[in-house]
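One chain, chain A, links the two complexes that follow: it is found with chain B in the first and with chain C in the second.
Coming up: the complex of A and B.
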């Protein structure tokens, strides 16, 4: 019973925090641009509006892809410790999270692929290319974390950090941590890696054909994704937290820093992005993994 | 039931099918299906049976032995089950072709030979069945003529090299232990010197490495897979190539045995083999990304997935071994499914397998699409599919045992896989349907059945992996490892449990809730594929599909590094041998005058030597 309660709390909190972050990002971006900006609740207002609009569907996979994608994101949430709350601590650990994180993009891309629109397909190819770019350093980083703590369970990794300090304070994990910071905007899809939607170039990419409830679900999914990306970083490198409130503050700090990066950078081209991601972050992460191996 | 009768049915059935084809096509089809189904039934009956038969003693008085235990039963049941599905699928695929009797004969012969290999209890019968398998494979690869002849030639040349090397190994074992019986050899090997064990490991390792297409012996595979008739490609990729894995297991854990590995520090062989496995995962996976031919793309993945199995069985912990063997089965299931889906598309589009000229077939062939979707999910290892469980087991042991670089190779292989298989499914089934395929009809029922069965198997073994893990656990236990703590839904362990049913229940619940909300909100309007966003212009027919050079930026970056240098090397080697042969042929011109001259020159040389040095 408590598990079910925890599941509901985690999903609700993640949704609220994710949507809050989306609203906040628009507000902060606007202020940096010397505009007033929309209210913070704008994403919620948009979602309610979108649910009431008529939408077009291209077929069964077009519908189910987006449903499956959202379900995948929801399930990932339950594996990530939020403060002390982690409803599914014993079902496979970080490796399962890593693989479950594939479900969401795969659902979205299958749905977008069915739309028979080249803009969507170009966006999809960029999703996968960018993922290929940042997964190389990210996997090295995650492997050095798992090897350093000799555990594949994220709950265990967090609880070790609560006793011995953040991962950044463990010297062998310093280089992987820096590499993680360097690739973090790519994971969240913030500028300079805002290639996938790129509204001016490819008309929102995979979501080109979405309208109405599809767009609403896609927005919710995006909110969850932002939450998952920041939460993973906070849990692995910033020591997680004892309670959800403190955890939220840490996430907020991380998000705002990367919003500032987002505000001042232009967009990379896709090959520039891959070249960047495979160069310095990968070298740092590789060196980090070697150091972790040596220090045992 | 006797094992001899089992093999007699398998081989005799192949011949009966061939001759019944001379009488009536219908009768032949019925025979082919009945025999392959009968084999499933008989092999199932051998579950948990250990038996040993001497079936022939006439060969220089050496007893030829058949034996069955859980280890060979596991491979036997996989072989016959997948073989029969491919035969059922072939019924309509091959109907309009020439020499269909011959095709069925060879299909059944290949299955029978594979059954013989896994049941063989001595090296002579292993070698004989191995050769029957290689030659009938060669004939089937070349079945399509044209390019297929060259592909078959490449296969058979490498296969013969493997067989000859194996023959050397067998003879060497015989001179050492005076027997061909595998169990007696295993007994003898426990007291053999380290150097000799290493020699045997390398000799047999080359044979099985060629069959399993481990780098650098992989070059026969892409062409052979691409050119063989598609239902046979499924057999080839699913089980036949994996006879190499059976061989490695037989070699490393039955013949040589775990104890000699640990006591005599043979770990360097294992260590090198794990790294070969890792290389075999990474490079082919990235080459697969560059392919535009559906079957070649899958073929390169076939090589890459073989790397996971090698990595698992060579790493040599109980987890890794369970993962490696389980991955062999899982790979067989999803790769057969993928090749059958491609075959289904080929069947309806007149043999088209170029990824740049297909598209939008999901609306015309939903069953083939579902097969392809579950197949690629298994290939990637999306949770809830079988591929995930075996990969998870391998990764876990690699990380816990402190081999993160091997784990990195294995993980990055997965991410490379996603890119290429998405392209595979997108270019074939998604996007715009070309006008020329708008009249494509549904698949015949005998093509749908194997696809549905295999799709169900992927989900079943993904959600309840315990069904298979229990069997594999007892195999691994019989090799002398500590068994895992297996439950029906996954693995219970102190260092990280896996519970697939939990994950399944959650994904199902989440999808149902979202689907329910989705249904309740305003219904969406169905529109056709030409009613989409085109920046203000009308949608052009047949041209509005982004499929050529799907990952162009990445191609330009990595393609210079991803040539198949090893294949080039073999080709140069083959060419120089041919040139040398041509050179030598000039000496034998056929003109008697030349021969007289050679004789006179030779005599002159002898006389010259004798006069100068007086040797005689």
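Coming up: the complex of A and C.
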């Protein structure tokens, strides 16, 4: 019974925090551009509007894919500890999260591919190329974290950090931490790596044919995705937290720092992005893994 | 968000959300598009009213036609309009879509846009200033409030009239009718 309650609380909190982050990002970007900016609740207003529109389906896979992607994001949420709340803590840990993190982009590709829009197919190829780019360093980083703490359970990693300090204070994990910071915008789809949607270039990519309810579901999925990306980093390297409030403050700090990066950088081309992701973050993560192996 | 609008929000959230989240498809037909970048960037920030540009017609609910409409672009305007999800609103920007403007005797532009797609409002002038876009948005809000921005309903009811006008100028259209004729004859 408590598990079911925890599942509902985690999904609700993640949705609210994710949508708040989306609204905050639009506001902060506007202030950096010397504009006034929309109200913080603008993403919620957009979603209410989108649910009140007619929508056009392009086939069974189009409907299925977007729900599949939303479900994939929701399942990943349940494995991530949010403060002390972690509904599915007993099973899997980091390995399950690694597998399930690919479900959400896969659903988007299924759905976007069914629409048969040329821009959507360019966007789909970019989703997979970018995932291939950041999964290699991410895997190395997670390997070094798991080796250093001798555990694949993310709950255990958080509880060790609560006793001995953040991962950044453990010297062998410094290089993997820096590598994670370097690939972080790619996981979130923030600006140096905003090439999946790229509205000016490929008409918002896989979302090109989404309208009405489909776009609303895609926006909610994006909010969950932002939450997952920041939450994983906070749990692994910033020591998690005892209670959800403190955890939220940590996430907010991380997100605002990456918003500043988002505001000043232009967009990479896809081959520049892959070259960057496989050069510096991968080298750092590999060096970090070797150091962890030697010292651990 | 205004606190005294809370009652309205609870009463009809769909309508209020449509008012405060206008996703605009700018159709860059002519010179009018030059006034849009200042209105969406720093000087006159349109985003504070929830008005943002989107990339494709499927995501949009406000169609802004900026400048003269040549016969060739009319085809794409109609296709884009039919792809937008309902409820959708159209605004003609500048004097050219209203009555031809300075192209009143041109052989290659259409003179009255509202013969081909329904138009909810006009911004007159050559060129209108970016402030005029905001005046139009606030007028559109009152129209939505009163339920008078019903161009998309008119398009559904009088589809035969619009389709005939479109075929008169473009010849045979290569896409099938959006609404079936039987339904229209019954009305």
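The rule is short, and it goes like this: the second predicted complex is superposed on the first by the 296 of 296 C-alpha atoms of A that agree within 3 Å, B and C clash if a C-alpha of one lies under 4 Å from a C-alpha of the other, contacts with A are read in each partner's own complex, and residues count from 1 in each chain.
Keep in mind that, in the parts below, a residue touches a chain if its C-beta (ideal position, glycine included) is under 8 Å from a C-beta of that chain, and two chains touch if they have at least 3 such contacts.
None of these values were measured; they are calculated from a predicted model.
In the superposition on chain A, A:217 makes contact with chain B only, while chain C stays out of contact range. In the overlay built on the shared chain, the residue A:55 is in contact with chain B and with chain C.
In the superposed pair of complexes, A:42 makes contact with chain C only, with no contact to chain B. The partner of chain A that touches more of its residues, comparing chain B with chain C, is B.
Judged by the touch definition given at the top, the superposed model places A:34 against chain C, while chain B stays out of reach. When the two complexes are overlaid on their common chain A, residue A:209 makes contact with chain B and with chain C alike. Shared contact residues on chain A (touching chain B in one structure, chain C in the other): 51-56, 203, 208-209, 212.
Interface residues of chain B facing chain A in the complex, by the touch rule stated above, are 360, 362-363, 373, 377, 380-383, 388, 392, 395-396, 399-400, 402, 404-405, 407-408, 411-412, 415-416, 418-419, 422, 425-426, 430-433, 490, 495-499, 502-503, 506-507, 510-511, 514-515, 518, 521-522, 524-527, 529, 531-535, 544-547, 550-551, 553-554, 556-557.
Residues 26, 30, 33-39, 41-42, 45-46, 48-49, 51-56, 199-200, 203-204, 207-212, 215 of chain A touch chain C in their complex. Contact residues of chain C toward chain A in the complex are 1, 13-14, 17-18, 20-21, 23, 41-42, 45, 47-48, 50, 52, 54-56, 58-59, 61, 83-87. If you check the complex, the residues on chain A that touch chain B are 51-59, 61, 63-64, 67-68, 70-72, 74-75, 78, 88, 90-93, 95-96, 98-100, 102-103, 106, 109-110, 113-119, 121-122, 124-125, 128-129, 131-132, 135-136, 139-140, 143-144, 146-147, 150-153, 203, 208-209, 212-214, 217, 269-271, 274-275, 289, 292-293, 296.
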